[in-house]
Amino acid sequence: MIDNFKIEKIIVEALKEDKDTYDITSEWLFSDDVLSSANLIAKEDGVLAGIDIFEYVFKLIDGSITLEKFVPDGDKILKGQLIATLKGSTKHLLYGERTALNILQRMSGIATMTAACVKEVSHTNVRIVDTRKTAPGLRILDKMAVRVGGGFNHRFNLSDGVLIKDNHIKACGSIAEAIKQTRLYAPHTLKIEIEVEHISDFIEAMNARADIVMLDNMSLEDMRECVRLNNGNCILEASGNMTLDRLRRVAETGVDVISIGSLTHSVKALDISLRFD
Amino acid sequence: MIDNFKIEKIIVEALKEDKDTYDITSEWLFSDDVLSSANLIAKEDGVLAGIDIFEYVFKLIDGSITLEKFVPDGDKILKGQLIATLKGSTKHLLYGERTALNILQRMSGIATMTAACVKEVSHTNVRIVDTRKTAPGLRILDKMAVRVGGGFNHRFNLSDGVLIKDNHIKACGSIAEAIKQTRLYAPHTLKIEIEVEHISDFIEAMNARADIVMLDNMSLEDMRECVRLNNGNCILEASGNMTLDRLRRVAETGVDVISIGSLTHSVKALDISLRFD
Amino acid sequence: MIDNFKIEKIIVEALKEDKDTYDITSEWLFSDDVLSSANLIAKEDGVLAGIDIFEYVFKLIDGSITLEKFVPDGDKILKGQLIATLKGSTKHLLYGERTALNILQRMSGIATMTAACVKEVSHTNVRIVDTRKTAPGLRILDKMAVRVGGGFNHRFNLSDGVLIKDNHIKACGSIAEAIKQTRLYAPHTLKIEIEVEHISDFIEAMNARADIVMLDNMSLEDMRECVRLNNGNCILEASGNMTLDRLRRVAETGVDVISIGSLTHSVKALDISLRFD
Amino acid sequence: MIDNFKIEKIIVEALKEDKDTYDITSEWLFSDDVLSSANLIAKEDGVLAGIDIFEYVFKLIDGSITLEKFVPDGDKILKGQLIATLKGSTKHLLYGERTALNILQRMSGIATMTAACVKEVSHTNVRIVDTRKTAPGLRILDKMAVRVGGGFNHRFNLSDGVLIKDNHIKACGSIAEAIKQTRLYAPHTLKIEIEVEHISDFIEAMNARADIVMLDNMSLEDMRECVRLNNGNCILEASGNMTLDRLRRVAETGVDVISIGSLTHSVKALDISLRFD
Amino acid sequence: MIDNFKIEKIIVEALKEDKDTYDITSEWLFSDDVLSSANLIAKEDGVLAGIDIFEYVFKLIDGSITLEKFVPDGDKILKGQLIATLKGSTKHLLYGERTALNILQRMSGIATMTAACVKEVSHTNVRIVDTRKTAPGLRILDKMAVRVGGGFNHRFNLSDGVLIKDNHIKACGSIAEAIKQTRLYAPHTLKIEIEVEHISDFIEAMNARADIVMLDNMSLEDMRECVRLNNGNCILEASGNMTLDRLRRVAETGVDVISIGSLTHSVKALDISLRFD
Amino acid sequence: MIDNFKIEKIIVEALKEDKDTYDITSEWLFSDDVLSSANLIAKEDGVLAGIDIFEYVFKLIDGSITLEKFVPDGDKILKGQLIATLKGSTKHLLYGERTALNILQRMSGIATMTAACVKEVSHTNVRIVDTRKTAPGLRILDKMAVRVGGGFNHRFNLSDGVLIKDNHIKACGSIAEAIKQTRLYAPHTLKIEIEVEHISDFIEAMNARADIVMLDNMSLEDMRECVRLNNGNCILEASGNMTLDRLRRVAETGVDVISIGSLTHSVKALDISLRFD
């Protein structure tokens, strides 16, 4: 169920982008009453994400198009598997095809990679989370796909999370001062997060009672030391250069959260195709 | 120079997406008159694309921010290279940072991969072209990045190019009939393109005087045979599963154009970072 | 069937333009449940265009309004002829009336004039095409009306067609150079068109293998000479001062296409009225 | 001076309509720093309208474009007359050219026809006014052009004027009742106008103290009789089939206002062209 | 029945404002098929306004939500009274709840205060009218609420009413001159209103045949004198510091209209709550 | 400094709302080059909020208007005090006047009431916070005004804060279960807040380790008991019927936060006027 005006706007803009005037190929080949059915089929293994949005693309074009869904979001799909069947006006199916697939393939690509990361750390309590490194304008979908893949969302934007970085700290003189000043004004519903690169900075942040400390580009040993020193005080978030093979070892340091930019900034589309009967 | 209202809208929407109300971290740490300078630095080798749009992100936030540009779009950048220097209000630089980088890294990622493909076929006359498999809402930027990387654009959307596919053909009964009917009505400024999978279909399309024939998922041998039969009549476009290592051999079959969906549907962001002094 | 978000936006903007707050006349005279039926009647002879959009205006206001259509787009209508019958809420019919008629009358006016031009050249193979001289914001409807009238569309905008004009040529030094340079970069799916005013220029353009040559403001004799020299090489498009009575003679010179700005820049609305029972 | 966000939106939408991605002809022929100057020249006699909006089109594209204006809105222009000179980036001048001319030619066409009508009745005190029969989305410009031509505006839309028509009257039972009921609720800042077709109805309207009575499609004799009976009580507005040659005689009946739909629904563009040096 | 695209836009923007991505509380607690019913109950006495818009908020989120309405707009409601019952998806009811209540409470607050003012002057023929002092972007709803409360609307904006103020008068040299010049150009459908502060100015305005004279911040005695002098010539509108207790005496001076800014600029929300069963 | 596209949009929409076509009063009375200066003067005591936005309204209309500011946001203003001086085109000052004042008066009204509440509890550590009971579409300004007045913001919308209410609890079976389930999925950057009405429920929430507990409509004694039991574990937020005179006693119970809906749902505009010289 799509009850989200921001997603609706994304879809409408994408559909306008793909048809400036009319579909000059189909216009003269199909009359309005020609109907088709088409099968949505996985061309490789992965995790499905965005099937409701895929459906909504067609609903926005033509309310009489129907989609029978055989796989829900979050399920694994195997190469060759039938995901859904679409029926309706041929012209309208062809109009929505590319936009709907572009969304579905991107979201499923994100979910698939997220699920792989989640699996890698599943023997721990670590959360895999995303970042703000998303495709411009598509953050809401990119972050939805991360959730579908079993990951969690970091802050959505600059307004709904506090994250004190290097240059914020410089401006205030010290980590302790930056945390103190931020807490003075930030909404009481939010936790204060601060980014550190060294163990000594971590200690200062912990002592200043940061809620979350991001350990940025730290070595495994340093992370382990921070975990030991932390002793459950702050939430510890590891960040920076999180390749799939390093993930397990990072998770095993005992951090609570691992944030991974590549989940959304370097997406490999999952191959899914729409086959007309 | 950005003289494009559609690009401006993309940027504004992305900036709105990244700040719902105010930047709750910087608001209380920086007064409006704190200034910073920051260096834009390549973290890996690649081709730069989108630097004017990167600049425009900041100009839209605050006209007094200045960017000194050391590398133009299309140039190679090396790991560690200084690309540009930004100066202006700290708050405003921090506001634009993520959005500007998200655009620049995606576009440079596309240009870098396109340039690699172009290089692979540079001993031939083949054009590398993109597809409509772009990030929803970002097609104008994705396709600009392909051009920056030395590639060419296929049709932008359903309205500015004729491409007859399988199901169009089924609807008409035959390749020849589909071409004939389309030509009857399509604007005289556009070429008629048709997709075929077999040599026999190619022959029918050529005889029906298609302007462009897309050879979809054909073997190298079949492509070579089409090139021989074609004898310069139609523009031949190879398509389907174009991996970087197969590209050279496809180009050497003698086709004119190779279209590659992954240029834009599976983008690896180029690592570029903004370092505040 | 309207499946076009750009047309929907045009209609919504027009409806907002025509009702800033509420209809201060009807508000106090009609309760919401007063129903009316109304007949759409031709007040002069012509060609109907835009009846689906006329219907869509009312559907966007109130999905329960029904329209029974007796004439499809493209048909001739005679003075006094009943085109359609509308039934629904009196208030809502009155709300949509002016906007719907403004669209229908303009589109039918365009189609009527286009059909007259097409008829004038019907003994030849000449295509009548439009230009970009359309009402700002209404190009999609203006060009649709031209098609309904039996004409064809020239390029929709600066992005989906190449047209090299005088000042482009000056910038490059020569016709041949301008064509060569454009072909180097323009999408392979588009034809290259160039505008010439003299026979010698036409020859240069043909030799440089332009796809389309626009013969701008040429005399009938010069056009005939170009046709002779061309010998089927390029598509020839006559343009400039195409009055209805000169059209036949231009067509008989053997050109392929005649473009007419006045089809859309100087529209005479076709008189059609909505009569409430 | 344009200080109007609705006009700005019209221009931006028109500019977006005319360039979907980039100008594929100019992009490869001109670098950004190529400059041109161009002369705006009347190709036929008329009244200039919209020159500030013409200028604003270019300002919105590129603030560095300059326009030297030799004729203000409302002035007569003669065939061959230089109206203004534009200087700036060649690419940007070419981008704005068509949109700016489409607006200027339409507005000047409206002003020219309006001025002709005004001149026809200039020996009387009659006002020439427009209607809501405008191009969808362009009402604000169409009505501005009428004012420039010396005409006046009728109500802008359904919300800022009361106009009781036939079917309103039917709903209420009588003219007197409709006026009474409307006056009960309509804003006290607005006058009540009612449309009548017969002298007897006019008398009823006058007695019910309508502020304005529209004499719709009446004969000259009937209008004269209404003027005599009215004796200065109501404002009398003549309407329906107002051809240029009938206008003088209508005005001489003594009515106060003549409304003319064709001023805006059947516009003949005034021929004005932009010549690059 | 909501047939107004401007109101629809207000609602959509408000709903987007209240949900940036997803409802992070309900998302994980309710599946999509959990249903609820909820009662809309008055928590204090007042006049109901905006119930159709309240309903429309939910309809825009989810067409399957139903509202059974027990009280129409304009009716008095008593503390504890059941106004309506909502049924539908729990998630969607929770999504719309705050936005719908914010609108309903504001509108009912305006209507309640308006009704109190109207009652205070009900023994006279005075109209209570609003001003342009409304919440930015919400004028259409604020003014609708005034009408629901039994008040009337003054002009909606700068375009649909003439109101000559102090500084306009200074610019022209005199009241008489300002009225004369405005009448020369203003649409014939509008009345000319002028603001005066002294009896002598009133006399000048009346003699210059203003249609409406606003008596701004005058004493009761001065107003009475103006009424006497006016003798029914102009519509007299009292304005400035209209507290509830002074209203009756102002009305009894014999003015026709009293305009009250606080009706919309200082709204006390009417307490209404939505109780889930 | 306004660097916020959402606020810009609010202003533009408000300006469009207040001028549908042109300002029919000023248009004919002032030429474009008539200049004025005007003083912004407090008509009653209060706290100023929104002066930068007030300025931005005029800047958006006409960049050449200047504002000299004598009081910054957050300062007390006294009846008769000069706040700022505006200079520029008379027409443009008059265009922006009403919109700018409507914003400034509302924001200053909110800040003034907030400051009064803050002062009432200034002997404690209590934070005064707002709610989501804001004017639809104006939440960003309403909440900014609360901050200017010395208050703090509660969550901005449903997406950036977790607040478990009665009906959420019912759906889960218990307070403990609702907290547990929410924590499982909610972003790690957010605190979990839950609403309780009874001491026993508070105990359950505290034991389930809620981060924030909202004590809704509790008696002073019950709040005191919760504070005692809480012993610094959770943040305690008092809510419900917070009248100015009860505030002090609530604050003295020892709660951490008091949320007050009336700050934004029942705003009394602060009287500020713009006097033209």
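Letters A, B, C, D, E and F mark the chains as written, and numbering starts fresh at 1 in each.
The rule we apply is simple: a residue touches a chain if its C-beta (ideal position, glycine included) is under 8 Å from a C-beta of that chain, and two chains touch if they have at least 3 such contacts.
Bear in mind the structure is a predicted one, so any value in this text is a computation, not a measurement.
J.: Using the touch definition from the top, list the chains contacting both chain A and chain C.
T.: Joint contacts, listed by label: B, E.
J.: Greatest Cα-centroid separation from chain F: which chain?
T.: Comparing chain centres, C lies farthest from chain F.
J.: If you take the mean of the Cα atoms for each chain, which one ends up farthest from chain E?
T.: B
J.: If I list every residue number at the interface of chain A and chain B, are over half of them used by both copies, so same, or under half, so different?
T.: same
J.: What's the distance between the Cα centroids of chain C and chain E, rounded to whole Å?
T.: Comparing mean C-alpha positions, chain E is 44 Å from chain C.
J.: So, what's the distance in Å between the C-alpha centres of chain C and chain B?
T.: 32
J.: Quick one: chain A and chain D, Cα centre-to-centre, how many Å?
T.: 52
J.: Could you check chain F for residues that touch two or more other chains and list them?
T.: Residues 19-22, 95, 140, 156-157, 159-162, 185, 187, 190.
J.: Please give all chain pairs that are in touch with each other.
T.: Contact pairs between chains: A-B, A-C, A-E, A-F, B-C, B-D, B-F, C-D, C-E, D-E, D-F, E-F.
J.: For chain F, which residues count as touching chain B in their complex?
T.: Chain F reaches chain B through residues 1, 3-6, 140, 143-144, 156-157, 160.
J.: For chain D, which residues are in contact with chain B within the complex?
T.: 12, 15-16, 19-22, 32, 61-62, 89, 91-92, 95
J.: Over in the complex, which chain B residues touch chain A? Could you list them?
T.: 10-11, 13-14, 17-30, 34, 36, 90, 94-95, 98-99, 101-103, 105-106, 109, 132-140, 156-168, 170-172, 178, 181-182, 184-187, 190, 262, 265-269, 276
J.: Enumerate the contact residues on chain F facing chain A in the complex.
T.: 127, 129, 152-156, 159-162, 185, 187-191, 193, 212, 235, 237, 256-257
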